[in-house]
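The next part holds the structures, each set out as C-alpha cells.
Each of the next two complexes has chain A plus one other chain: chain B in the first, chain C in the second.
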Partner chain A sequence: MKEQSNIVDGLGEKLSEIAGDLFYLGPEVTLAITIILVLVYDLLFKDKKEVGIFSIGFVGLVFALVISSFINAGTPFGGMFSLNMWNLTIKFLLILGGVLMLIMASRDQKNINRFGKSGELMIASLTVIMGASLMSSSTNLLMIYVAIELTSIGSYILTGIVRGRKRSEAALKYVLFGGVSSAIMIYGMSWLYGFTGTLNISDPTFFSGLSNVPILPLSIALVMTIGGFLFKLSAFPLHIWSPDVYQAAPTPVVALFSFVPKVAAIALLIQFVGAINTIDFDWQLWLGIVAIASMTVGNFSALWQKNAKRMMAYSSIAHAGFLLVGVIAFSESGNLALLFYAAVYLLMNYGAFLLISYFEKQTGSANINKLRGIGLDVPWLGVLVVIVMIALTGLPPTAGFNAKLLIFSSIWESWQGSGAQVLLWVFIIGLLNTVVALFYYLRIPYYLFFKRPEKEIDKAKLTSIDIVWGTIFVIPLLVLFFKSDWLVDFLNNINFVL
Partner chain B sequence: MIQGILSYIIFLPLIAAAVVLCLPKRLESSYRIVTVVATGLTLLLTIIAVYSFDGGIAENINSEENLQLLEKSEWFSLDLGSLGSFSVDYFLAVDGISIPMLLLASIVLFIGAISSWNIRQKKKGYFALYLLLSGSVLGCFVALDFFLFYLFFEFMLLPMYFLIGIWGGPRKEYAAIKFFIYTLIGSILILIVMIGLYNSVYDPVRTGAEIGVTSIEQVQTMVQSGEVAREDIIKSFNMIYMADQANYIPGSLLSQMSGGEIIGKSARWIAFLALLIGFAIKLPSFPFHTWLPDAHVEAPTPISVVLAGILLKIGGYGLIRTAFSFFPDSAFHYSWMIGFFGVFSILYGALNALAQKDIKKLIAYSSVSHMGFVLLGLAAMTVEGISGAIYQMFSHGLITSMLFLIAGVLYDRTQDRLIENYGGLANRLPRFTIVVGIAFFASLGLPGFSGFIAELMVFLGAFKSSAVIGAIPQWMPVVATIGLILGAGYYLWTLQRMFMGKYWVKKAEWTERLKDLNSREYLMLVPLAVLVFWFGIFPDTLMSLINSSVEGFTDLLNQAIR
Partner chain C sequence: MMPVDHLLILGAGLFVIGFIVVTTRKNAIAVLIGIELMLNAANINLVVFSRFDPDFLQGQVFALFVITVAAAETAVALAIVLKVYRHFKTADLDKISELRG
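For the complex of A and B:
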C-alpha cells in the first residue's frame, strides 16, 4: 500500500509538472486545437465550407506563430524536448511556412476548392507543421520517431488526397519509401537504446554509453538512424521519392513540403550531431559526403527536367545539401548562417512556387516549354521570376547570395580551425555547383523571354492582386541583400521572452 | 569639385534605367534619348572627376592616402559571436589604376548608347538593361570593397545575358548562356578566394575602435602579437586593407606569415591561381577565351562594343587590383606562367584571326591577341610593363570599339559579315574606307596611334624585366613580336581583300544599300579616331594620371619579393 501511494504521490507531482510544461509546447497545442476545430467544423457544415476552414486554419496558425515567439528556453517534459533560442526561431519559421502556404493556396480557385471540399487537406497540412515543429526540438528518440511519423503520415495524405492516377502512384511510392526508411531508422534507434540504456540523447549516459561501443556497430546504428532524418530532408541517397511527389501534389502543398519537413530535419540533425559530436564516429565525413552528393546529384538531375515542379524538386534536393553544409560547419556562426539560409530559403522557395502556380493557372500545366514568351506579355511577372531564380542560384543582388556567403564562410572557418579535408571539398564543390544550378534555373527565364509564344495567352486570368502578392513574396529577396543585418537582427530578436 | 561624384557616376545610369521603366509605351522614342543623355552626363561627370584628379600623389598602393574622391560609409555589419564580426562598406574611390578605366568606360558607354539608336524591337527592355549594365560596369571600376566589387562584377552578367540573348544574332541563345556560364565559373573562383580573404583580413581602424587604440600601426602590432581577443577583431572586405600584409589575422590561412597550406601547396599560391583564372576568363586569355568569339559575333553591335571595349578590361583591372595586390609573392612565383600565357594568347589569337572568314570574328580574335599584351606587361612586373598593360587596356578599348562599330556599319547595310563577299569597297565607300584604315592601322600598332605607345611600353617593360626584377625571361617579348607581324598580316590582308581592287559584292541588291557613313556614324567614329590619335601623340595625358600609382604598385611588388 505504502509503495502504491508513493507512486501516486510521484504521479501527482509529475502531472502538475507536465501541466506546467505544457506552455512550452504552446504552438503545437494550438495547432492540435485548430485541427480539432477544423474537424468539428467540417462535420457540422455541409456546403461552402472553404471560408470557415481557411479562416480557422489561418487564425490557428497565426496564433501559433505569435505564441512561438513568447516561449522561454528550457527542457520541458523531463528532457523530452530541448528548447533554445535557435530552434525556437526555427519553429517560428516553420509555422510561418504554414501561414504563407495558406496565403498561396488562397490565390488559386482550384486550390481553394480542394481545401474547402473537406477539412482533410487542412488537417493534414496542420499535422505536418505540428509534427515538424515537434521534430525541431525533440531530444528523445521515441519523441523524434513520433514527430517524424506525424510529419510523414500527414505528407502521405497530402500527396494522395487529390484523386488521379499519377498522384496515387506518387503517394504509394512515398508511403513505401517512408515506411522502409522509418523502419530502418527505428531499428537503428533500438540499437542506440541497447548501447546506452537511455532514449534521451541529451542525457550524459547516452554519450558515455556510445563512447564504449566498438566503431562498427556504432556506425551501423548511427547511419541507420541518421538515414531516417535524411529521408525527411530528402537528401541523397534518400531523395528518390521527391520528384514524383512534387510533381503530383498541389503546388502550395509542394511549397510546404520543400520547406517545413526539411528545415525541421535540419534542426533535428543539429541536436543529434551535438549529442554524438566527440565520439569516434566521424559524422562530419559522412554528412559531408551526403552534402556533396546531394548538391551535385540534385543539380545535375535538374538539368534534364521539363516540368517546373519536378525541377524544383531536384533544386530542393540540392538545397538540402546546402543546408547540410551549415550542419557540418558545426559552429556558432554555422548555426546563424543556417537560420539565415532557412529564412531566405523560405522566401525564395515560396516565391518560386507561387510564381509557378500563376503559370499553372495561365497555361494549365507546369511544363517549362509552355511558358514561351509569357515574360514579354507580362514583363513584371517575368522580372519577378528572374529575381527568384537568381536568388535560388545564389547570385547577387539577392539575399540568396548572402545566405550562400554566410553558410560557406562558416564552413571555411570550421575548416581553418580543424583542417579536416572533407570540409574543404564541401566548400569548393558546393560553390562550383552554383554554375550547374545557374544553367537550369535560367531555363525558366529563358523560355519566358527568349522563345516566341506559340499562341496568345489569356492574360485575364492573372489579377493585379496576384501580381501584388508575387511582389510581396519576392521583393524581400532584394531588400535583404542590401540590408542583411535586418534579417539577422530580426532572427536574433524573434523571442520576446518576458 | 562635386561631393560624392563617384556615386553620381554610378547611380545616374541606374536612375535613368528606372526612368525608362516608368515611361509609358507611347513615349517609346524617348527611351534612347534618356539613355544617351544619361550616359552623356556620366561622361561629363567622369571628365570632371579626371580633371580634379591629382596625378602627383605618390603613396603606396595599399594605403588610403593614395586614394582620391573617396567615399566610405558602413553598409552593413554582422556579428558572428565568438568568431568576431565582419563589416561591409560602401567604399568608392579612384587611384591611378582605376581612373583611366573609369574614363574609358564612360566614353565607350556613351558611344554604345549612340550606337543603340536604331534598336527597333522591345526598346524599353533594351535601354533599361543597357543602363543597368552601364551602372554596374562603372561601379566595378570604383568599388574598393570586395563585396561591393563582387556585386557589380556579378550583376553585369545578368543584363549582358539578356542583351545578347534577346537582341542578338542567329545563335544568340547559345552565345548568351555560354558567356554566362563561363564568366560565372570565373566569378565562383573569385568568390571562393573572397570568402577566404575576408576571413583572414581585419579592419585595423574598426578593431582599434573596439579595443580603444587609435594608431593603426599600434593596432597592427597588437593583432600580430596576438594581444587582441578573437571576438574583438572585425573582419573586413576592404580591398586596400587586403593589400597590406600587416592586416592579415595571424594564423589565418592566407596570411603570409602563417604559411597555410591547401593540399600540400601554399594557400596563397592556390588563392592567387584561383583569382588569376577567374579574371583570365574575363580578360580572356588562352585557354579560357572560347566564349568570346561566340558572344562577340552574336551580340548586337552596341553590346559587342561594350563587351570588347570595357568588360574585357575588368579582367585586367581585377588582376591588378586583387590578385597582384593581395598576393604579390605568388604573382612573382607564377610570373613565368602568366607571361607564357600572355605570349601564347598573342600568337594564338593572331593566328586565329588570320584564319577567320567573318570580320566580327576576326576582330574578336584580335582582342584575344591584344589582351595577351596586358598579361605580358603584368607578368614583367616593371613600371613600364604595368603602365603599358594599363595603357594597352585603355587604347584597346577605344580601338576595338571602333572596329566593332565598323563591322556594325557593314552589317546594318547588308546583314552579312563575310570578308569574301566584298571586294573593292573603297571605290563605293571612300570615307568609310578611311575610317577603317585608321582603325586597322591603330590596331596593328602603327606609330602615331595609341596602340603603338601601349605595345612599346609593354615590350620595354618585358625586356627590362629579367634584369630589374627577374620575373620573365627575355625570349618572351622576342617571341611576342611575331604577334605584331601577324597583326599587320591579318589587317592588311583584310583591307586588301575587302576594300582594294575592283568593286564587287556578292549580291547585286547590296549595291544600292551600301551608302557611305551617315552623320550618326560619324558622331561615333570620328571622336574615337581623334582620341586614338591624341593618345598616340600625347601619351602624357594618360601617363600623368597612371604613373605615380603604378610606381606605388611596383614598390609593393618589390617589397614582397625581397
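For the complex of A and C:
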C-alpha cells in the first residue's frame, strides 16, 4: 500500500513538472490549438470558408511568433528538449516562414481557393511548421523521430492533396522515399540506443557509451541516423525527391518546403554533431563530402532546367550544401553565420517564389520559356527578380553576399584552427560553385528582358498591392547588405549563450 | 531466454530483406511492405536493447511509437497510392514517371 501511495505522489510531482515545463513549448502548443480551431471551424461552416481559415491560421502563427520571442533557455521535460538562444532564434525564423507563406498564398486567387475549400491544406502546413519547430530543439532520439515524422507526414499530404496527375506522382515518390529513409534512420537509432543504453543525446552516458564502440558498427549506425536528417535537408544522396515535389506542389507550399524543414534539419544536425564530436567517427569528413556533392550536383543540374520551380529545387539543394558548410565549421562564428544565412535565405527564397507565383499567375505556368519579354511589361517586377537572383547567387550589393562571406570566413577560420584537409576543399569548391550558380540564376532575368515573346498571349493583370508585397519581400535584401551590422549585432546579442 | 545475438541477427536479416524488397519490387504496395519490414527490424532491436537499459522501458516505448507513427504514415501512403491509381490506372512505379528534367 505504501509503495502505491509513493507512486501516486511521484506521479503528482511529475504532472506538475510537466505542466510547468509546458510554457517552454509555447509556440508548439499554440500551433496545436490553432490546428484544432481550424478543424472545428472547417466542420461547422459549409462554404465561404476562406476568410475564416486564413484568419485563424494567420492569428495562430503570429501568436506563436510572439510567444517564441519570450521563451527563455532551458531543458524542459527531463532533457527531451534543449532550448538555447540559438535554436530559439531558429524557431522564430521557422514560424516567420509560416507567416510569410500565408501572405504569399493570399496573393493568388487559385491558392486562396485551395486553402479555403477545406481546412486540410492549412492544417497540414501548420503541422509541418509545428514538427519543424519541435525538431529544431529536440535532444532525445524518440522526440527527434516523432518530430521528423510529423514534418514528413504533413509534407506528403501537402504535396498530394491538391488535385492533379503530376502532384499525385510527386507525392508517391516523396512518401516512398521518405518512408525508406526514415526506416533506415530508425534502424540506426536503435543501434545507437543499444550502444549507449540511453535515448538522450545530451546525456554524458550517450557520449561515453559511443566512445567504447568499434569504429565500423559505430560508423554504420551514425551514417544511417544522419541519413534521416539529410533527407529532410534534401542534401546530395537523398535529394532525388525534391525536384519532382517542387515542380508539382503549389508555389507557396514549395516555398515552405524550401525553408522550414531544411533549417530545422540544420538545427538538429548542430545538436547531434555537438553530441558526437571528438569520438573516433570523423563526421566533418562525411558531412564535408555531402556538402561538396550537394553544392556541385545542385548547381550543375540546375543549369539545364526549363521550369523555374524545378530550377529552384536544384538551387535549394545547392543551398543545403552551403548551410552544411556552417555546420562543418563547428564554431561560434559558424553558428552565427548559420543564423545570418538562414535569415537571408528565408528572405531571398520566399522573394523568389513570390515572384515566380506572380509570373505563374500571369502566364499560367512556371516555364522559363513563357517568361520571354514580360520584364518589359512590368519593369519594376523585373528589377526585383534581378535583385533576388543576384542575392541567391551571392553577389553584392545584396545580403546574399554577406551571408556567403560570413559562412565561408567561418570555415576558413576553422581550417586554420584544425588544419583538416576537408575544410579547405569545402571552402574552395564552395567558392567555385558560386560562379556556376551565376549562369542559371541570371537566365531568368535574361529571358525577362532580352528575349522577344514568341506570340502575344493575354496576361492576367497584377494589382499594385502585388507589386508592393514583392517590394517588401525583396528590399530587406538590399538594406541588409548596406546595414548588415544591424542583423549581426542583433544576432550576436542573442547568441552569447550557446 | 533466447540469446541476444539471435534476435539481433533476426533484426538485421529483416532489415536487409526489407531493403531488398524496397529496391527491387516495382509495385508501390510491395515497396510499402518492404518499409514495414525495415521498421519492424528496428522495433526488434529496440525491444532487445531495452533489456539492458537502466531506465528499462525507453526502448519498448520507442517501439510503440514507431508502430503508431508507421500506421499513420502507411495510411497517408495508401491514400496517395489510391490517388495515383485514379490517374495512372497502375501502381507500377516504372510507369509512373512523367516528371523528369
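Simple rule for what comes next: the second predicted complex is superposed on the first by the 482 of 498 C-alpha atoms of A that agree within 3 Å, B and C clash if a C-alpha of one lies under 4 Å from a C-alpha of the other, contacts with A are read in each partner's own complex, and residues count from 1 in each chain.
One rule holds in what follows: a contact is a pair of C-beta atoms (placed from the backbone, for glycine too) under 8 Å apart; a residue touches a chain by one contact, two chains touch by 3 or more.
These numbers were taken from a predicted model, which means no experiment stands behind them.
Participant: Check the residue A:Ser190 against both partner chains and state whether it touches chain B (first), chain C (second), both, or neither.
Facilitator: The second partner, chain C, only.
Participant: Answer with first, second, both or neither: which of chain B and chain C does A:Thr198 touch in the superposed model?
Facilitator: Only chain C; A:Thr198 stays clear of chain B.
Participant: Between chain B and chain C, whom does A:Ile157 touch in the aligned arrangement: first, second, both, or neither?
Facilitator: Touch status of A:Ile157: second partner only.
Participant: After the superposition on A, what does A:Asp244 contact: first (chain B), second (chain C), both or neither?
Facilitator: After superposing on A, A:Asp244 lies in contact with chain C but is clear of chain B.
Participant: Which partner does A:Val488 reach: the first (chain B), the second (chain C), both, or neither?
Facilitator: first
Participant: Between chain B (first) and chain C (second), which, if any, makes contact with A:Phe427: first, second, both or neither?
Facilitator: first
Participant: Touch check for A:Ile390: first (chain B), second (chain C), both, or neither?
Facilitator: The answer is first: A:Ile390 touches chain B but not chain C.
Participant: Using the superposition on A, tell me which residues of chain A are in contact with chain B and, in the other complex, with chain C.
Facilitator: In chain A, nothing is touched by chain B and also by chain C.
Participant: Residue numbers of chain A touching chain B in their complex, please.
Facilitator: 331-333, 336, 376, 379, 386, 390, 395-397, 401, 405-406, 408-409, 412-413, 416, 421, 424, 427-428, 431-432, 434-435, 438-439, 442, 446, 449-450, 482-485, 488
Participant: Once bound in the complex, which stretches of chain A touch chain C?
Facilitator: Against chain C, the touching part of chain A is residues 141-142, 145-146, 149, 152-153, 156-157, 160, 165-166, 168-173, 175-176, 179-180, 182-184, 186-187, 189-191, 193-194, 197-199, 243-244, 247-248, 304-307, 310.
Participant: Across the complex, what residues on chain C touch chain A?
Facilitator: Where chain C meets chain A, its residues are 11, 15, 18-19, 22, 28, 31-32, 34-35, 38-39, 41-43, 45-46, 48-49, 52-55, 58-59, 61-62, 65-66, 69, 72-73, 76-77, 79-81, 83-84, 86-88, 93, 96-99, 101.
Participant: Which positions of chain B touch chain A when the two form their complex?
Facilitator: Touch residues, chain B against chain A: 75-83, 122, 125, 150-151, 154-155, 157-158, 161-162, 165-166, 172-173, 176-177, 180-181, 184-185, 188, 191-192, 195-196, 198-199, 252-253, 262-263.
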